[in-house]
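Here subunit A shows up in two complexes: once beside subunit B, once beside subunit C.
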Partner chain A sequence: MSDLNTVMVEKYRNDFLKEVEANVEEGKWVKMCMQCGVCSGSCPLGPFWEHPPQEVFMMIRAGKRDEILKSESMWMCTSCYNCIVRCPRELPITHIMHGLAHYAERLGLAPKQNPTRKFALMFWDNLAKAGRVNEPILGIKLYFMNGFKQGIQTALKMAPVGLGMLRTKRFNVLALLFHKGCKGKQDIHKILRKAREIELAKAAKFGG
Partner chain B sequence: MADAKIGAYVCKGCGLGDRLDTQALTAIATREGKAVFAKEHDVLCSAAGVEMIRKDIEAGEIDRVVLAACSRRSKTEAFNFDTVAVSRCNLREGVIWVQADTADARAATQEMADDYVRMSCAEVKQMIPPRGNEQAERNRHLLVVGGGMSGLTAAVEASRAGYPATIVEKSGALGGWAARLWRRVPARQPYADPQDTGVAELIAEVEADPNITVYLNATTTRTTGAPGRFAADITTESGKTVTENFGAIVQASGFTPYDATRLPEFGVGKSPDVMDQLGLETLAREANGSPIKRPSDGREVRSVLFIQCAGQRSNKPGHLPYCSGHCCNTSIKQAMYFKDRNPNVDATVLYTDLRTPGNGEDFYRSGQRKGVIFTKGVASVVQPANGALKVKFQDLILNQEVSIDVDLVVLATGMVANSGVDAEAAAKQEAWKDEGAGTDGAQNAKPEAPRSQEVSILNLDYRQGPDVPQLMHGFQDSHFICFPYETRRTGIYTTGPVRRPMDIAQALEDATGAALKAIQALENAAQGRAAHPRSGDLSFPSFHRDGCTQCKRCTVECPFGAIDEDERRYPQFNEARCRRCGTCMGACPVRVIYFENYSIDTVGQQIKAVEMPDETQEKPRILVLACENDAYPALDMAAMQRIHYSAYARVIPVRCLGSVNSIWVTDALNGGYDGVMLMGCQKGDNYQCHFVKGSELAHYRMSKVYDTLEQLQLEKDRVETHEVAITDIQRAPQLIEAMAETVKRVGLSPFKF
Partner chain C sequence: MAKKQYMFYPGCSAEKLASASNYEVSVQAMCDVLDIQLNEIPDWNCCGASIGYAGGGELPRLALNARNLALAEQDHPDQDIVATCAACWLSARETKERLEDNDALMRETNEALGEAGLKYQAKQRIRHMVEVLVEDIGYEELGRHVKKPLSGLKIAGYVGCQTNRPFGIEGESFENPKYLDKMVETMGAEAVEKYDKKVSCCGGALAFSEPEKSQALIKDIIEAAYDGGAEMIVTPCPVCQMNVEVYQGQINKKYRTKFNMPVVYYSQLMGVAYGKSSKEVGLNGQVIRAKRLEELADRK
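Then we have the complex of A and B:
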């Protein structure tokens, strides 16, 4: 359990809803859910979720902190926005799902082996380093995410696609060695550092 | 009626002149119908046409009028002659619009029109020009029984309209339950916070109004009379009785909270921290704005749970089967009592379906914004444990059994109507048993709502019982949707939660409506006119004393309690209470009851006036007795859409199927009709009959006619009774067509002569 999580548990022992409201992006909307279930019915991945959105909201109100934060559910969201479009109470459901996933990650409770989480981290690292995504490296890392053997298999399977992209100049092999990054890379890093600082300060405030 | 002077007017407008031989029609009216004269006119409803008729009436040449033109439902403004008896002969909607405009159909169409003219002449000959009600009296004073929110509002609204009112309140103070509330659900934008009840202002207005008299600690111990001339004995606690006269009555006797001690599983009685919604209002009033404290130990409440539908919307014996309509909003309001003072209090509403009528949806949203937690679940047990209350419930979203500890539990228990004595209770229970018998043993006993009291409210001196009859679950109403505010006692209007469960906002609106209906009733009574739905009708029932066998069927079957018994046990008609449906006329086995313009003869002679072709002509005749409220308009509208039906049908409008006397049916069959159809409104629990029981009675009576059919050795198929709604525009003509097919199948009647 991370330090931050310990603090949070102490603070909100009785009321997970308040914790969500204070710390999760768009979390203040959770209480407005009226349990109609339209989101769960609209979600293309609904049947595959451990807990569909309606249930996620209900569990938050019921104070099921660990079950939610350790859940894979919100990581399943593909941001299709169907739920937002249909919610009669106009809840930003997609954003809440991402907010919950992010909060779980900050607390160190997110399921470590979740592929969406792994990819998200990989993507962020890649992007933050140069201020621009390095596609060949991201692709290769993605192939080898689950081990060397599977990486080779995936690479061979995807080879024709890669060759096709190479032929049509959609794929720059040289980027494997020389990645340019964006203009003002240092400034991006500065911005990200500052954002991180603000976020920690905010968490510390709630933690204290 | 030897002195009947009939004038017949045949219209040639709307294509009638092109499709029909109107000259032949005038000839029939004078020769067969014995009219003094028959005139044709190009457009009868035009100023010139109407003027022509008016002049003839004023000249004293005629006292009966046959208008052979369009349906009785059209041009009612133009053809409004209330000093003579009028028969509207429906040639447009009844004949030319429902028959094909072809050479082949021409002869049958003309025959149809000929018959309708004969029928109209025969009908009007039996009519007496209306004289108006001789019992009519005008009393502008309104009696309001009950001094709660509804009663106060009804009195204030009546007074504002210029009608004095008297309030009789059984308790020692005005205001009713509303006066015991801390705050009410908001009635104004933005519907976000509980607001002041406004009872104090309303009471002040009543007390300052010289037009309103108030009796406290008083009850109505005897009520006699009829609209326009009610007399009520008002008895105060001291035993003193005064008798006052009133024009109409508004009963606003309200409700009694459902008895929460019937719910021992929720810990009622075991802990003072379990209470109903009114109990919490008392706590809130005691707290007077400061934090609400627990009754058990005086500690501030930190967590509260509201259990919705406690003993309501349930089929368990002793529970209320209905939704009381206000409890969800009330629980949201009460949760705010806590949240508004201290947002850290955990307030949870446990519901199965959150129902927030009116502008409650905004209020619900406001509750959510304030942090009230809404959990979909069903509570099973509330138990006191370690200074807290342990609540077990099934979470319906997460589908799991949950147990939580709270400081306070509030039960939403709902309302039971204060409707007094249910005179029909025994009959209702019997009917239910009959229906349930043989199906499922467990369903034999209807889950009856617990009665709040068996003490009469109005103490009516009516033969049919001391209180207004109840419709469903003990609530007094005629029909929620079709006839709001009406009861089955003319001139007595119920309002507020005695009529159906409702909140303050609805009660205020309801009371205003009831006050205006009461004023309407007393004004109509003053002119000797009928109340809803035949408003304005001047005819009233009379009977031939000589023939009466005192069987009391009319008294028992009158849906509006209009008929008492006099000291010699003859029926005594109270015209002002009568709605002119004619159910008494249909009930009378010796056929001595009649209206001036609607009687056994007016319809009987119409049936006989139809020319009956002999068997060799193979022209069947089908008699259609159609309820003028729904079935007849449906046929009219079918005509407007040019939906055709059999030219062999002869349609006679009746006031209600309840007024259909079986003699008409047996006479028709004896007279050679090949089929008889009765079209009335929907019957049963969800009836739409404008006179409550008419359609039901007709179905019952017709079941007896089948015995007659057997005696005559006629096929049962020849008589049909149908439920036809006003929207059955396609279906009503189809039914007639189907009957024509049936007649074709079973063959012509053997009784033609």
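Then we have the complex of A and C:
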């Protein structure tokens, strides 16, 4: 992972904007931002962002590579698409945030303890395994993602919610053992493996 | 009216005993009345939702969705694909549009699909269930089936994010979409007119990872419904439904509020108005029971 980071630093020395354009999903749009601030003002968790979207775009252009890739900011995106429909230049902001988060993760720079990062990775692993999300397993892993002790605390705190879901048959304990997922699991694994391979090959080409 | 048929993409949360299983039950009841046949995409997989991005890059996520779309194309190429979950609809539709716009991505996606002997050609339209109701059926026809008008019920239409943005329903504004209110009124209930949190974000998946922050958003959504005089919230989205419903106890503790606001699906309202029992529309799946709606449903 960090090897890829070294390669990228070498390749794009002092041109983080170019690096983002070439490697981040929808990153080619970043330079179109005109710094009006509408996205930041529209963002529901905006007040919690260390650098709201407008600032993220400015910092990319200013070459603040480490500050951006190691930032918690993009991980605050709730995928509400408010920014997208309001941006006067129609930047695909949501996708750029997701793209930046994924790129940071791939380079091994994403903040390890960020809870949304942890949850997002768990979610992907969970769905990729059987082809469909196994909600109970995901829920349990979620509770215990910060270790056993805190997991018990979270589980207790969340117990009323969980019991409500159980009582109304919207949470299936049996799925812990018997969740089937897709028949074509193997196919899905093959498709995902190939897709990742193609994507990494592209990155290597840019980087090499 | 001739039977309308669609390819159906239910998504993970609609699975039996999953978090939106009651949504699925009510959709089937509603479609039964409207003579809509939903043909489930064989062996569909998860769409990746909006939180899958950390583990899955662009191409893996596109390929994941394209598998569903390719399977649907194989099964009934002449039918539109319909999703009931906002996130599923969004992922599928985004995939189609991005692949159509970008030949390189289409080629690469098909290369990945080829591993499973599949090929995607982007033949079918991808639609949300509410699009089908509004566009293919129409309000007039939706109203024609009402047997038990929901009169006297005042309901806040919470459209939320992803059924509304970035695609939304053709002809509706992103800031103040009217279709949900119109559906409520078509069923004989009263829609809260000035519901200022109608399109606000509930926190989505961050309700799990950043509970304090998203519960603050959820609190405002519920409070605005009370302020408007609503006794119930209706939504088209399973994430909104769950987030706005199940954390009310925790919010009450933290903010000393006394929230006890039922949150139902449009399809549950419609099912009841169409004469289905509370069980047939999955109202027994509500964590906060929608008592008045249940009574109405079970009144002979």
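Heads up, the rule we're going with is that the second predicted complex is superposed on the first by the 207 of 208 C-alpha atoms of A that agree within 3 Å, B and C clash if a C-alpha of one lies under 4 Å from a C-alpha of the other, contacts with A are read in each partner's own complex, and residues count from 1 in each chain.
Everything that follows uses one rule, which is that a contact is a pair of C-beta atoms (placed from the backbone, for glycine too) under 8 Å apart; a residue touches a chain by one contact, two chains touch by 3 or more.
What you see is a predicted model; the values in this text were computed from it and never measured.
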{"item": "Room on subunit A for both subunit B and subunit C (clash or fit)", "value": "fit"}
{"item": "Which of subunit B and subunit C A:85 touches, first, second, both or neither", "value": "second"}
{"item": "Geometry of the superposed three-chain model: angle at subunit A (Cα centres of subunit B and subunit C, steps of 10 degrees)", "value": "80"}
{"item": "Partner chain in contact with A:123 - subunit B first, subunit C second, else both or neither", "value": "second"}
{"item": "First (subunit B), second (subunit C), both or neither touched by A:22", "value": "neither"}
{"item": "Winner by number of subunit A residues touched, once subunit B and subunit C are compared", "value": "C"}
{"item": "Partner chain in contact with A:99 - subunit B first, subunit C second, else both or neither", "value": "second"}
{"item": "Least C-alpha distance (whole Å) that remains between subunit C and subunit B when both complexes are overlaid", "value": "18"}
{"item": "For the subunit B and subunit A complex, residues of the former touching the latter", "value": "346, 354, 364-365, 368-369, 371, 373-376, 395, 397-398, 402"}
{"item": "Residues of subunit A touching subunit B in the complex", "value": "14-15, 17, 31-32, 34-35, 54-55, 58-59, 61-62, 89"}
{"item": "Footprint of subunit C on subunit A - complex, ascending", "value": "25, 44-45, 48, 76, 78-82, 84-86, 94, 98-99, 101-102, 105-106, 110, 115-121, 123-125, 127-128, 131-133, 135, 142, 157, 160-161, 164-165, 167-172, 174-175, 182-184, 187-188, 190-196, 198-199"}
{"item": "Subunit C residues within the subunit A interface of the complex", "value": "12-13, 15-22, 43-46, 48-60, 62-64, 67, 108-109, 111-116, 118, 161-162, 165-166, 168, 174, 200-201, 203-206, 208-210, 213-214, 217, 246-247, 249-250, 284-287"}
